[in-house]
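Next come two complexes, and both contain subunit A; in the first it sits with subunit B, in the second with subunit C.
The block that comes next holds the complex of A and B.
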């Protein structure tokens, strides 16, 4: 039993499982939709599913970064609402105002992320609490200053939400472009590597000479900016900014669910963007199927809830026994007495 | 960063030490844990550091590595006096340490772990191809083949993880590498691999400081040996002038028998309470043992030999999957700690802060933790008796409501004992019951063990401290590589326990 020669059976990675599930859901969707007498793979339906991925996609990519770094961001729905309002009000229906509006909205979002990041990294407040507080502050600000929808997006800006290239919506392409950039950041830059290290173990990172604060701050800034982009996309779709659009979508918890469904470990240090995109896609396809089946909205929530819990249970089971065994398990299997234990005896 | 060229072997004569520590003293809270230690490390040589647990070996390594700062004394590397305030500075000066606990990220790859914080770049991007290539070269240079740089550390065996840890230390171009029990978790055949790596390092004129409890390794590898005892340097001698017997005498060198209380008069060894035959699971195998009423059985062995795993398996943490377990004459299985507790077992865990106590809860809540969850009907009775139990254990706490995190280690351990005493166990499994506690509390725990035995409880005690094992045990079982290596009678010599634990002399006895 040479330690180095011992090979382990290759197991499906978490991301592999996510995409396997996605394929299963797609097959299920095709069957159910066909039974309803429609074509699941029609370009209209594909386009509808992809449209469903883009907003949650932006936010979930950002959430992945924050979770990988060992933090959490609950302020994203408020950032999205604020960005839609700042964008809409600044644009005020004029095409010429678009660049300024985008810069303003994303700049404010970045600032919010910076504050979150600094509080988490330097004041050692857990991201859950730091961003919960930030969310409350933003909710208060929005409620005080905006009584309802405000601003207006010019036609050119609304096109971002409406334009398709083939069956693929432009908004989805932008989202995927962001995903590629973030994947590059995580895989091929030092700060990306350090982000994983800090999320995995701050002590190990520090002992290896890594400065632990910058990756955390960066993750929060990017997460907020991506939430801001989601807000601008909502503005493009609705043509007005809204103080409640983010919370209505439930993007805080849905993004965390998509990240976890995508195989990223909630404690940080392990996971990737591809898995998150798979998780977002699974949600979008499920929503589409449930729409075809005309399930009522409450039942839809029940199904979503079941899927999330089931997924995490599967991952937990895979990771339950991490201590390498000294003795061969196949032997254990042969000699195992009936595992039923006389629990009721006492 | 350090230029490695400065220590080219031609430049320095063999007599020139690469590291010289002079008069190192380190105190914690006024207690000297290291006193006036002086040693020199030479290129291409292994300096062995031995001593019992608590002798100050790890402290010495941590002082050299920059984790702790010495209160007195100096460390010179390459003739220059150093003042490290962080391990990174030591690494940059050419001194790397392989600590006992792993400093690796389990979910990152081998290459990512080795180059963490120093990822090679091309332009703004990390050059992952170069990182992989460098890792392969580094491992090749150590004579390690077949370790894929892209595998995650989690998927590696303990031995492979140890190799990655050493490779990481080597990758800093270190002139000095200190290793704290690098073989603690390795099986015998894996140790050979480590030897081969160390020999390659010596060929490159690296100086190695080597801590191990396995005396065979010390004599296999070391040129010079330093013995520490209670923080003091007993001797530093060429290895050739010593043999195992002499070394053990230097390490032990004191009479401790008076410290351990004699069995309480009237204690009788009775019927078997717990019997394992051919038992095993993923962590232990082929275990045959009997624990009788009124008996204290010591479970000795090296770190990683499977002692903790064995008591945890009996207690249902990782249930036994093979063999038979007999409790009070009745064959049964224990599938969870809850079942174990219901059948009269108790487990004092090795790590009391992580597994034994809820640190932010009160003394009373902790002491009642087991009763409340397993025998809720008896909570009232246990609660009214608890002040008496705690005061009989002489727990020094301000009140029953004080949070246990504010108690000393010894008092915390007494609270752990109280929570188990309140359920009146018949079998007491104790894993390192006196680790990290003061002498007075130790003595109290020994007295308590004798008292339990007198009441007909069977005690199975895991301990890394040989004097404790020998001073307290009616019989001593020794584990090696997940199996029982042998049994020794009361009052056996430390040398015999060590021999069984290390497999130094290959006369294996079959446990009756």
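The block that comes next holds the complex of A and C.
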């Protein structure tokens, strides 16, 4: 047993497993698509899959930051809706208004994130509640002030959603650019390291001389800004802003599922962006396969639900085994995913 | 941060037995779990001031009947939350039961009993699946119940085609909308109010049983509970079963109120969690009282009623709910912190005991074992 535990760390990292699963899903997709008489790796299909990753990708990258910091953000769909509306209304079909509209939408998103972060960091409200409350506040605002879709995006802005460079959509490239920036933030900056420390254990981070609030606030601000970018991308695709576009996508829970699917520990402090991108890609490929199979839309939800639970079960078992037995943290971690996140609230 | 204080609370007398009944009650009301009852009272006075008709016994009892399903769901969610987990599948379970009742009971009265048994069995099954996946597969409950939520609602929508189907016989719907007629003063006692009362007493009793006390302890420090010989997996699984069964009861009542539609129950999990949190129960487990969770549901409903009477547009309802839960939890976090030297003052005095006698409440990695 002990020897086994010592052997394990030399094996695949959890990110490795995520990409292994992704390869498996890709192979599965290729077989199923070929059985349906189509080419899975045609540039059109690859482009469709990559397009599918971009919106959830933006949100999931932000969600990863927040989850790493030991919090959660359930307000992202509303932020995305609000950003799409603000962007659309400010642009009003004029190309000259694009910079102003982008700044307005992202600025408001950043402000929402700031409030979330301040409430979580300084008022010691659990991120689940703070962002659930913020989501409801925004839902009320959206429901009261916007009866339906509003605004319109000029042609130049719509290009962001439509342009492809080779088989790769521009929106996916922007999303990957953001991912690289966030990876650099996490790996190369002091606050990035502090983010992991605070997420791992707030008390230990504080006792080690880390100011625990700035990383949490930063994570929330970035998460909301990225959700705002997802909203702008939705605006570019649909050319109108819509108050329900975010909630329709279920981006709050799906992004959390993608993050956890990517190997990030829900309690915080452990995980990375690469894994999340893998998780998002798995979802996108799965959706594509189910689309090819012409599976009923409701049954697709059933499959998603099962895959989420089963995939996470694989990691969770593995993570539990991987930890050195001497500290016996595995047992605590296995049984208390929620209390660790709640450490800040208590 | 609470580690140092936890050791200082060990004294010769237990603080919870200090002072008379009045003093203890006063202290209890200052905790978040007690303050929610004050909040309910204040809101009730406000609502009656806004609309004096509401204060009549008859309409008060009808209000209790209307609030019963969400209060029952909140009590179910309480069991899961106090053990340190989440149950996001609650809304889907409500939907599933509503649709089951619509499709299987139909206009045949003789089917009511078997179908209800089936509903409870399926509800319990969902709870078992949630519980076992959380405890044995070690998947965070947030993800497990998110998965069951997607799977269940997808399945229900697939089977019904996303549209309303069937309508159960009226005598079944009476459970939700009927009541004992011709009662003096009250006029009519709705069945949901009676169900709520019975379940509240049962939940209260259950939380004073060894099961309830260990459940609170497991939410606070699962490692300590495990080391003291309890089967934590079975404790938590039972909590999930109770939650799903509560959702089943809420579904049965809602059939009477709202009829059969796949949208009944949508968002119920978040409303229930909100109610539990407004009731001063701490997310992450280990603190809170089951009746406070039910009171949290009443506080929410009273608030909505008040907004209605005052004439606030219903679209702002969400915003107010959002502000309320943030404020409630912010104050709650402060109160639990400020009151940590007298933590025994919280209402669940017996259940609180395991927490006081030692181990670190906040951080699972116990420094003592390293």
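Keep this in mind: the second predicted complex is superposed on the first by the 311 of 346 C-alpha atoms of A that agree within 3 Å, B and C clash if a C-alpha of one lies under 4 Å from a C-alpha of the other, contacts with A are read in each partner's own complex, and residues count from 1 in each chain.
To be clear about the criterion, contacts are C-beta pairs under 8 Å (C-beta built on N, C-alpha and C of every residue); 3 or more make two chains touch, one makes a residue touch a chain.
Values in this document were obtained by computation on a predicted structure and should not be read as measured data.
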Query: Which partner does A:304 contact after superposing on A: first (subunit B), second (subunit C), both, neither?
result: second
Touching partner for A:135 - first (subunit B), second (subunit C), both, neither: second
Query: Between subunit B (first) and subunit C (second), which, if any, makes contact with A:188: first, second, both or neither?
result: first
Task: Could you look at A:294 and tell me whether it touches subunit B, subunit C, both or neither (first, second, both, neither)?
output: neither
- request: Tell me which partner A:124 touches in the superposition: subunit B (first), subunit C (second), both or neither.
  value: second
Message: Between subunit B and subunit C, which one contacts more residues of subunit A in the superposed model?
response: C
Message: If we overlay the two complexes on their shared chain A, which of subunit B and subunit C does A:201 touch? Say first, second, both or neither.
response: both
Task: Would you tell me the residues on subunit A in contact with subunit B in one complex that are also in contact with subunit C in the other?
output: 201, 203-204, 327, 329, 331-332, 335-337, 339, 341-343, 345-346
Statement: The answer for subunit A against subunit B in the complex is residues 1-6, 8, 184, 187-190, 192-194, 196-197, 200-201, 203-205, 207-210, 265, 269-270, 322-327, 329, 331-332, 335-337, 339, 341-343, 345-346
- request: Can you check the complex and tell me which residues of subunit A touch subunit C?
  value: 119, 123-126, 128-130, 132-141, 143-144, 201, 203-204, 253, 256-257, 260, 266-267, 296, 298-302, 304-306, 308-309, 312-313, 316-317, 320, 327-329, 331-343, 345-346
- line: Listed in rising order, the residues of subunit C that touch subunit A in the complex are 1-2, 84-86, 88, 133, 135, 137-144, 146-155, 157-158, 162, 218-220, 222-223, 226, 232, 236, 270, 273-274, 277, 282-287, 313, 315-326, 329-330, 333-334, 336-337, 361-366, 369-370
Statement: Touching subunit A in the complex, subunit B uses residues 87-88, 91, 103-108, 112, 116-119, 121, 124-126, 128, 144-147, 154-155, 157-160, 187, 189-190, 193, 280-285, 306, 309, 319, 321-323, 332-336, 339, 342-343, 481-482
